[in-house]
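The structure appears below as structure tokens.
The chains carry the letters A, B, C, D and E, assigned in the order they are written, with residues numbered from 1 in each.
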Amino acid sequence: MSDTHAQSVGYVQRSQIPPSPPPATEAGAVRWVRENLFSSTANAIMTLLGLLAIYHLAVWALPWILNGVWNADSLSECREILDGARGACFAVIAERWNQLLFGFKYPSTEYWRPTLAFVLLLVSASPVLFSKLPRQLLVLTALYPFVGFWLIWGGSIWVPVFALLGIVAGYYAFKQLERQSFAMGLIGAVVAAALFWWVTGFVIPDLSRIIPISLPEVPSRDMGGFMLNLILGTVCISLSLPIGIVLALGRRSQMPLIKWICVIFIEFIRGVPLITLLFVANVVLAYFLPPGSNFDLILRVIIMITMFASAYIAEVIRGGLAALPKGQYEAADSLGLDYPQAMRLIILPQALKISIPGIVNVAVGLFKDTTLVSVISMFDMVGMIRGPILASTDWNGVYWELFIFAALLFFIVCYNISQYSQWLERQLDTGHKR
Amino acid sequence: ATLDDVKARGTLNCGVSTGLAGFSAPNANGEWEGFDVAVCRAVATAVLGDPNAVEFVPTTGKTRFTALASGEIDMLARNTTWTLSRDADLKFTFIGVNYYDGQGFITPKALGVSSAKELDGATVCIQTGTTTELNLADFFRVNNISYEPVPIETNAEAQQQYLAGACDVYTTDASGLAATRATFETPTDHVILPEIISKEPLGPLVRHGDSEWGDVVRWSLNAMIAAEELGVTSANVEEMSSSTTDNPEINRLLGTEGNLGEMLGLEADWAKNIIMQVGNYGEVFEANIGESTPIGLARGLNAQWTDGGLLYAPPFR
Amino acid sequence: MQVSDEVAIEIVNMNKWYGTFHVLRDIDLTVHRGERIVICGPSGSGKSTLIRCINALEEHQKGSITVDGTVLSSDLKNIDKIRSEVGMCFQHFNLFPHLTILENCTLAPIWVRKTPKKEAEETAMHFLEKVKIPEQANKYPGQLSGGQQQRVAIARSLCMRPRIMLFDEPTSALDPEMIKEVLDTMIELAQEGMTMLCVTHEMGFARQVANRVIFMDQGQIVEQNEPEAFFNNPQSDRTKLFLSQILGH
Amino acid sequence: MQVSDEVAIEIVNMNKWYGTFHVLRDIDLTVHRGERIVICGPSGSGKSTLIRCINALEEHQKGSITVDGTVLSSDLKNIDKIRSEVGMCFQHFNLFPHLTILENCTLAPIWVRKTPKKEAEETAMHFLEKVKIPEQANKYPGQLSGGQQQRVAIARSLCMRPRIMLFDEPTSALDPEMIKEVLDTMIELAQEGMTMLCVTHEMGFARQVANRVIFMDQGQIVEQNEPEAFFNNPQSDRTKLFLSQILGH
Amino acid sequence: MLVNDTRYRSITFQVVALILLAAAIGFLGWNLMRNLALLGQDISFEFLGEPSGYDINQRPIPYDSQSSHLRATFVGVLNTLIVAFLGCITATILGVVAGVLRLSNNWIIRKLMMVYVEAFRNVPVLIWILIIFFVMTAALPPPSAFRGDDPDSSMLFGAFAFTNRGIYIPRPIWEPGSAIVVGVFIASVIGVFAYRRYTTRLLYDTGKLLPRGWPSLLILFVPTLLVFFILGQPISLDLPALRGFNFQGGTQIRGSLIALWFALAIYTGAFIAENVRAGIQAVSHGQTEAAASLGLRPGRIMNLVVLPQALRIVIPPVISQYLNLTKNSSLAIAVGYMDLTGTLGGITLNQTGRAIESVLLLMLFYLTISLSISAVMNVYNARMQLKER
């Protein structure tokens, strides 16, 4: 050792320096502006360009929005009111509000039904979306399909009630037989439910006559507007979940035939645009159904969109399954659980949890894609705008207002869902690190 | 069979266009109105006795045939031209003609065009999936002039594109042009060119292979035409049917004599109901597209044969 | 610590290939009830594969494995039977992270053994007490330390009341402090007379509890002996080399 | 192991804030050429921040840092100069995974020092030999073990022929077996007289090679001393507490 | 029992699956036959040989109404590929710019880009297509506005006309000698790459780094311009001019193409931006720091360390975005752009009524494209895989 430190009396700090506030350049707005807007020349230029862009956008859009006319019966009346000034004619939205939301055929006295159904949807979806809510609320979720169906389509209340009871019957049969084997349980459940429905099928008409609780029936064809987008979105996503799970499991199966069936199905569906599948629904599907069966267009479209969504969901879930460590499968095996048990109790609960953000993304994409049904002349939100509204003499020529309204509506829904999925991803992330 | 289906269902699914003023368009209350719509209502009245027992299914030029073929609709009443290939190849049965038409052009007056032959280099809006699309190609090829087609799905969009100046000319059936022009802010700024470049017999159609149903639709239309010829109107039909008249054909038509209804599988008073609730051909024409309406079409070819037109209902016997 | 004459596991001339790779060659091994066997050997020598074959997690291609009189064949019934006789603990615990500790332990008894839930929970608590973490029963695996997790994994296996336990390097993923608590649990188990096959490099453990130490290399059983003899007087050169490495460091 | 009088690094009254959080307070530190300093202290005490400031990876807001006579200012030239004098090794190696080991080592010499490739490769091989992995030169980082990767990272820094090396917990992400190989490399480096600042909790290493051990807490240098004195006779209570924890376990 | 034996279990299941599959296919096929028989139709592809009878406005290959449906199909295929190609390129540029700017340390720019990304990602692409299309139709002047002595609108630089039928731009006329100019230009492009390689080589060999920026520009433009003027300007421009109803001359980029192209590009660009951002962020900060501590400057760090790693992560999702864009281009039908869905799946299907055949061909085409792109992606992924133990 050199002698520099030979004597080396330990240097010991005796007192603690209290933390002092950072220098002015390091705090507050000054620092923020310097760091975020003017940290370099290039940055300053970009800031100015950005401000310029915002300014121009504002100068161009604000008067148009602020001058907007909210009360008029036609575009020409709007123009009269504006009297040459630049301004939007939002009156079209006010006047066609109901049509935009519900289509032009849903009976106007019944608008409360889809509205209520929508509110209930939010309520019953929340226990699924937020795992902090009490689990008992899941009962609501389970009941919702029947309530929602009844509210939107109407008809005798006994139809959804017995449908629900049938499912309950199936569930009990499943619970009874499940102990023997999952397959038995499944078959038993299907048989029990089918039997129940078959038997009650005879009772319903009489019952409906004796205890007539019913809402006016609204045929599928009369659904339209944003409501149709929402219906297609929710129905197809919910239906595609179980199918997607089956496909994903199939694709990971060891059995080559089953694996290839699933691979071909998934790749085929993912390889073609949704539009062509809608064409299939529109013009081809009927050829493949038994002669004389008369599926209406909405049903056919739901079938095709569900197939479409399930292929995408299958891929998401496959990712979730692949993310599970192999040890989980082995541990389940070594405990003696059989395949259905291992999947149901161990693998799927975990895989699905990992997949939720992906599933939500698919759901958002699918919800946006429901607008494509306007191409096969269904009157969803976009179809309403392109068809009856723009075609009407009164509103011929209002583009911006209507499309911005539609875009805004979709934006609100999709943005919130994707924010939710990001929130969930963060949530899961921390959950992992725990 | 379709007839039984319709009866069982209690409503008639009838394909109409997505909106063509005077022919088929929902009014402010969402009720469908128009000349084509009346045919649907007539059939519904004949079969179900209720002109409102119709579910109108809007179709575009492109989707109409698939809608019919797939069974989504029971009949199509949508200014559809009767052509051989549609009959023989697409396997549909046209049950008659409710409007004799031809393809025309509309163009802004400001362009100063007076004949379709002067349209060299023009941009033309057309509805796709129609005969007009094919006629147009033929017309320009035969006359050896060029054009630029702008394919469009619906009449409404075509109208928007045309009015915005995205095309110089809009071409479709002359009746459609008149109807469309009537909805313009200033119809007088636009001229319909004199050339009519094709024959467009427009009529309702049904699927091949169900002649029974075809007969019902065919004779519902014929009943309207015959009623006009025989002078039966919605105003006097009640009176005429209350007792047998001197004219046996009227009696057969209104079901007070013979069993024509039964032959079709309908009630005896089917035609009476049509005339009472929908009106005869002339009444429907006048109410929807006639000269007193903004569309203002003259009867022309669509007058009764007795008046020099082509309308000629086969005998009710 | 008694070893009975009864044969618990009998492996005769067993061979296994992965594709064309011959992992296990001519394995002959007889384990008597109550025996505690430690298997060691260099990495890749096939130790894990051997014990995974006993549990039917891997299929073997030649030879026979008989567990408690049941021949391991491709019949699912037999496989189920053997798995319910044989418990297994993995290196990475493989607890089910979405279930609480208690649920982890009761899952198999309820669904495989069809034990009523209440009874299963009692059993589970019994074994959790045995591994000294009854108070964690309602936590999730992610909230436990590695050592605790491995003890839960042992308890989970025990809940199926296996007659034989297999351990695959149960301590190698653990920090030194935690190793001890797991080994203690295993020693206790051994003292109760459980038949155990344990892949481990914890030589202290081997000395203390094993009846026999088996040394594997390149898919073969190279040497087997009682612990003292094995450590003090290895026969094969390979064993010597291996022991010098493992004890030296 | 000679320490010259020449000053390699001089830090005077340096302060740093993250936003309003005062991470480093009044740091005064003089490092002589050839000195080997070990910095220790509880987590979050600002050790990493301190050595990252020396390398200009973080800006300091008050006080001055002089490296080899160059004052660290916001002038890019100075930063470049200092960085070419100072090598740094990170806890997580931070090798470039898309380049081979050799490319990792030659990248900076070629592009920063403008050394011809051939020469750069020779130098790289020289240092790779020094860290005892010349045979891995054409592999990719992902193909190496953690210990090997860290040694490559050291070689990579050395290829720039720095006069000072900074280490930020170079062994804390490694398995015990690998720690030794990395420490050996560092000891060798120390013996050649490299000026080193090393954040580490390997007290054995500190005893063996350090001239001075610095103990930091809450952004301050609380105590510094020769290793023997530091370990055997810590002055401050905080140091005592810290040492009792770290050595006890 | 067979299901209880591991050897036969899977075979049993597969046989069952096969039977179910066969039954399903049989059921559908039988229905199809029955339905076709009922309707008196058949399945045949002969219609493809018949004259189509309709005209198409955008024709990359010669086509008129007498050409066959097959040729119309090809026109559609080419139009699909054109819009997909343009869309992919534009989307990439937009996406990369927006993605990089989203990480800028400039707050305003960052937020603007976030608004762009969120606004476009969360609104259906169909709405964007329609907005752009309708707004173009409504907001841009018709060609007639350019007419008269005192026109309402005028052309930009006398060479570009923005009308509601599309944008008219000059078209180069290739006169004799133009081939040489083009040849020189191509040679220059190659030259730039050669020069850049040379500088790297030189750096490797001698440690000297020549400047790269401005010499590249010089090499790119100077020789071409020289040759261009020496040969007496063999390339001239055909400017669009208003003649008759429309602008003639020049190249017309139709409104439908623009709407589709821009909407697809902006929409997909928003997704690509997210991929790019994620890719760059995925390269750990440690990499940048390690490079910095080796003395590399920020530009070099980007080029030598961050980008090569980020690209590996970014490219696969970007390729699937290309795939999405291509599939979304089938929305052409909403604005009357004559892509494959417009010709084969639109007019041909309708005029001939050959729904099954047309839809089948349509699907096959898209399937082929997807599968080839996935194949390319798999090869890329395999080659780019980072070497690991």
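Basically, contacts are C-beta pairs under 8 Å (C-beta built on N, C-alpha and C of every residue); 3 or more make two chains touch, one makes a residue touch a chain.
These numbers come from a predicted model, not from an experiment.
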Contacts common to subunit C and subunit E (chain labels): A
Fitting subunit C to subunit D on CA atoms, where both chains share a sequence, rotation angle to nearest 5 degrees: 165
Identity of the most central chain, Cα criterion: A
Selected interface, D-E versus A-C, where C-beta contact pairs are more numerous: D-E
Relative to subunit D, chain with the most remote C-alpha centre: B
Farthest chain (mean CA position) relative to subunit E: C
Length of the line joining the C-alpha centres of subunit B and subunit E, rounded to whole Å: 43
Length of the line joining the C-alpha centres of subunit B and subunit D, rounded to whole Å: 89
Interchain centroid distance [CA atoms averaged], subunit A/subunit D, Å: 51
Numbers and ranges of subunit B residues touching at least 2 other chains: 66, 69, 153, 160
Multi-chain contact residues (two or more partners), subunit A: 283, 286, 386, 397
Listing of all chain pairs that touch each other, if any do: A-B, A-C, A-D, A-E, B-E, C-E, D-E
Partner subunit D, residues of subunit A touching it in the complex: 1-2, 4-5, 8, 10-13, 16-17, 19-23, 25-27
Subunit A-facing residues of subunit E, complex: 10, 13-14, 17-18, 21, 28, 31-32, 34-36, 38, 104-109, 112, 118-119, 121-128, 130-131, 134-135, 138, 327-328, 330-331, 333-334, 341, 345, 349, 355-356, 359, 362-363, 366-367, 369-371, 374
Touch list for subunit D against partner subunit E, complex: 55, 57, 80, 83-84, 86-88, 90, 92, 94-98, 107-108, 110-119, 139-140, 142-144, 153, 156-157, 160
Of subunit E, residues touching subunit C in the complex: 3-7, 9
Subunit D-facing residues of subunit E, complex: 203-209, 284, 286-287, 289-297, 300, 304-305, 308-309, 312, 386-389
